[in-house]
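Pasting the structures here.
Same chain, two partners: chain A is paired with chain B first, then with chain C.
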Partner chain A sequence: MRSPGKRAAVRVVPDNETKMQKHISEQNLKALLDRLISTGTRVIAPRVETGTLLYGPIRDASQIDLSRLPRRSAKETFFPVCEDILSYEKHGQQVTVGDVDPARFAETVLVGVRPCDAAAVPVLDAVFTWDYNDAFFLERRRKTTVIGLGCTTADDACFCTAVGLAPDSSTGSDLFLTPLKSGGYACQICSEKGERLVAAHGDLFTAADHAETVPFATPSPGNIDLKQVKSWLDHHFEDPLWDEIATRCVGCGACAFVCPACHCFDIVDEGTEKQGRRRKSWDACGFGKFTLHASGHNPRDLQPKRYRNRIMHKFKYYDDKFGQTLCTGCGRCIRICPVGIDIAAIVEDISQRS
Partner chain B sequence: MCDQSQNIYLPNLVTIESIIDETPDVRTFRLVFQDDRVRENFTFRAGQFAEYSVFGAGESTFCIASSPTRKGYIECTFRGVGRVTEALRRLETGDTMAVRGPYGNSYPIEQFYGKNLVFVAGGIALPPLRTLIWNCLDQRDQFGEITIVYGARSEADLVYKRELDEWQGRTDVNLVKTVDPGGNGPEWDGRVGFVPTILEETGPSHENTVALVCGPPIMIKFTLPVLEKLGFSDEQVYTTLENRMKCGLGKCGHCNVGNVYVCKDGPVFTAAQLKAMPNEF
Partner chain C sequence: MSNHIDTSAYSAVTAAIRSEAARLLAGGEVSAVIGYLPARRKGSAQPAIITSADQAAELIFSPACVNNLAVYLTKAKKEVPKSGRIAITAKSCDMRALAGLIGESQLQRSDIHIIGLPCPGVLSSVADPSALLTTDTVASKCLECEFNLPQGADFTPVVNVTAPRGPSRYAAEIARLEAMTPAERWSFWKAQFSKCIRCYACRQVCPFCYCEQCMCDRNRPQMVETTPRPAGNLAWHIIRAIHLSGRCAGCAECERVCPMDIPLNLLNRKMARELKELYDYEAGFEPQEKGPLNSYLEKDDQSFIK
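Take a look at the complex of A and B:
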């Protein structure tokens, strides 16, 4: 990661990097999106709907709002809040099941994605491809080109730099935009997908010059060492800490719903016995019924046990299983928690304990 | 259906061929796949589970209770306690429902060849052992002595009553059936007492023996020390975890115990594996 100071200075750009860098004006970025929409591509971008900034499909580029982090993450582009996995219809004894063919998902361009949101998507590849491939996630992944956007502002909840990311991380992005002081964006080409998009709309991009970029944000998270966090978690399944931090958790699940990396879901039928659909919908391990057995036995019968699972899953279990951390430091759960639970502060506390 | 689609959540349609009422609230379905190819190609191993569904009510997770040696159908045994299982109870012979699976690991039956087997089950937890019991009885000469200790709260709560009679009548099976104190009627011909106590009194040898235990958490809790006392090592004792699950495919995040996904790493575990897991099951 390069420090903002160095980035702001004018430097000689090597030839190969010039090829991987383009510039695009504000106006041409909008023209690109309008052109994509008019040719049938689904364009998803941060836009205000009923007063809330969320990533969602736009009808035209004027709707886009890149001023701040959307309220929910971009994961719903790949893993919707709720989606059909089949439909059914019953006529007499004859039941017909309708498949939802993931091959029919639309080609998509996801634009204006913050580094914390873009980086979470490849992290989720591990669980959705583990032995069984979840085509609902993977097909959307395959068909989506991600245009990331570097962050030039951060608030006191942002802690991406504590979990191995940064306001200029292009992980998970196919193209990565950095705002220029003079307006428009520097556009880094990060993948073949990104290269194809630029090549197809070359008229809207210009060669990179030495225009200065807006300095990246400098979040100031606490002192967190993920290895130390993991090693403490490895040995402290039972610890008074869990009661201390989670007795005030009300189990609302909001943290999981705004998280770019949480991926638990439920499968429910909606409809009558004659006709309806089976749907996958987001769920949260903070909910009391999440692990409730039919017998009434509940392995996580108290909120501290559920909150412990949340921390363990993000900073230990997912690492044990897939070698990755299930948190990108977006800070949404900190901003939204109704009782003020601060995951960054908790993880910092754990980090200091090891 | 499953083999043609990319959709891992798509179930196969099955017809309920027959229904057996095991107890006032526990029922067994024999299910036959409607698609010829699926019926011919469906294979599973003892210990695996499936997602059973009633359209409009949803899916529920149970083990496959029949033996893989019995071809052409699968069976499930369930208690009507929730939205899905109550909907299942309303179905009749000839009705259509759906199944996806098989999922999870299985008993390493090949490793049991040549050994004595002790099955210990309580109440509704006989089904995950019954699949293996019949699997073993159908290749009886591969195993040594077979002992089955099975108990329930009362006579009425015993499942597979006709099969218990059949096992009792066999000379190559030692069935010890019991009911909790007060659960016996005037004609009860079994033992009276809790499963762990009766197991201890039965006193099977641990030598060249594998113990397979399924029951409510409280029964497991008191049975494991009895087995230890009888000389069984934790590697000789197998059980299954019956956690709440949704996908069965290692995705939905419901069934984990620590970093173990019961749906993929289990549901069959040795007592040694259980002891290595955090105490959250």
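Take a look at the complex of A and C:
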């Protein structure tokens, strides 16, 4: 098996090598973003779009809103909600197929990414380089520099610390910002990409002094042991637990769509006989038609089987295949589930059963 | 200005539904009770289907008990046992959905035992289930609720509730939209629908979206584009609004669950107004087999046919 993330991997500077610290004022961070935008770099940041905080391209730095976790994760920077993968046209008997050229994707700086979102990106590298190298994902990945932001507040849906992360995890970030008590940020350089960005705009950064950082958040999830969770899942493909949870589930795709790690997608042709496009868009295991075969058979025909897939995929299958957990504890699915399904509570329950 | 809402009634309602549910289950009058149980997060609640009298002691009613549980009695929920009588706890807004489902022959009144919930109002969102219930955090539907004490239930605890009253947010927003030019209104909805990710949470929680085969899921032939793009998103939301006209009784679950904050109930409320003006009809008060859009009368207004 190919090592996870090999194709897109950015060399992470080992802790003892540099882990260089710089400082950047709030004003200079905005100046940096404005400068990047003016020189043609696409800057993606949390900003309010028709009333909802989402990661998206900004026109200028004043739009940025770092006050809270955006409603959807940052995965869409690399794996958009919907994208064209080819186009076709038919003239008489002549059919022309047009490919999408990933080379046209813009150089991007993704800024204000919370640790739970940033850490999900290397997790996704594994699947997008597994049996097929997804050129769309990988090219966006190659062209994107991630500026992470540590969390100083958490609510009771946050559980990153239960899945091996923390409000100060720089995993997946090229630069990592920590708010300073006196304003501005401490900026940790975590990769060559980050180093290049700082070097190109050195005038906006200052040497790190001993300014105090704002204390990181302390999420307080229940007692979850991922090894125990996995060992229970290894032996409970059939269990009444799946019925108990899924009787409540109404079968929408909200949890998967706000998740930083869920990556199922559907491919459909849309258009007419004369012309159209093949599109790839997010899919979700909550849907009744998820894994419906052309024969009419569906191996996951009932909600309990689909919900089981959700938990198994995150805490067993992904671990079996890639040695990683497909959950970063952001808590989004807990906050938005229409019927209050709480994955942290479920995983805690499973952990206690082992 | 934000005012606190008196929530002292919740504990009395909780005690009453516990004893009623225990009585029903112990005596075998029902096979299950659909209600709310407390969940892990502070102040949170979640729907539950309980089958033993012991579990009845855990049932609750609180400002976080937002769900319209009627959805669990529809065809859409194949996992819920349909054998025997089932009890369901229902706020008055939820009871209007039950009346609609009975009218549409999805339920038999004799198959359900309704435990009415006297309700001072519920939260508009449970993103923070521990939020204090105030005139700001209360669901918009509650500000215009006229029936805090459910009518026609099999059992309703005798508890006095004070209703949160306030200016209707829906009426104000509909008035604002109606004052717009069609181009402005179009750009409002275009921006809202562009956020739609087609998670179908609005469809899945709706008690009236019980079609075995939603036309939006059809692919042979495809009726509506399935990708989250302008064409398919607009088609889906128009189909939803039209299909619910004269049936939606305003529980506003679609709007509450939308992860993208699309004000979906505005469409439903606007359509409800049209039905009221054109046919003097309001959904969900009497079980009625056919609403005005499913029936034809000689005296129907035909002036729109040109």
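One rule holds for everything that comes next: the second predicted complex is superposed on the first by the 335 of 354 C-alpha atoms of A that agree within 3 Å, B and C clash if a C-alpha of one lies under 4 Å from a C-alpha of the other, contacts with A are read in each partner's own complex, and residues count from 1 in each chain.
Simple rule for what comes next: contacts are C-beta pairs under 8 Å (C-beta built on N, C-alpha and C of every residue); 3 or more make two chains touch, one makes a residue touch a chain.
Because the structure is predicted, anything quoted here is derived from the model rather than measured.
When the two complexes are overlaid on their common chain A, residue A:D117 makes contact with neither chain B nor chain C.
When the two complexes are overlaid on their common chain A, residue A:H313 makes contact with chain B while staying clear of chain C. Once the two complexes are overlaid on the shared chain, A:D99 sits against chain B while remaining clear of chain C.
Contacts of A:D174 after superposition on the shared chain: neither chain B nor chain C is touched. When both complexes are overlaid on chain A, the residue A:C82 reaches chain C alone and has no touch with chain B.
Of the two partner chains placed by superposition, only chain C is touched by A:V258; chain B is not.
Applying the stated contact rule after C-alpha superposition, one finds that A:D134 touches chain B and leaves chain C untouched. In the superposition on chain A, A:G340 contacts chain C only, with no contact to chain B.
Within chain A, the residues touched by chain B in the first complex and by chain C in the second are 266, 268. Across the complex, chain A meets chain C through its residues 49-52, 54, 71-72, 81-82, 155-157, 222, 243, 246-248, 250-254, 256-258, 266, 268, 270, 279, 281-282, 284, 287-289, 302-304, 334-336, 338-342, 344-345, 348.
In the complex of the two chains, the chain B residues touching chain A come out as 1, 5-11, 13, 53-60, 79, 81-82, 85, 87, 94-96, 98, 216-217, 242-244, 246-247, 249-254, 256-259, 261, 264, 278-281. Against chain B, in their complex, chain A makes its touches with residues 85-86, 88, 90, 93-95, 97, 99-103, 127-128, 130-136, 139, 237-238, 263-269, 271-274, 276, 278, 280, 283, 285, 290-295, 297, 299-300, 305, 309, 312-313, 316-317, 320-321. Partner chain A is touched in their complex by these residues of chain C: 39-42, 44-49, 67, 71, 76-80, 126-128, 191-192, 194-195, 197-201, 203-205, 217, 219, 222, 225-229, 253, 256-257, 259-261.
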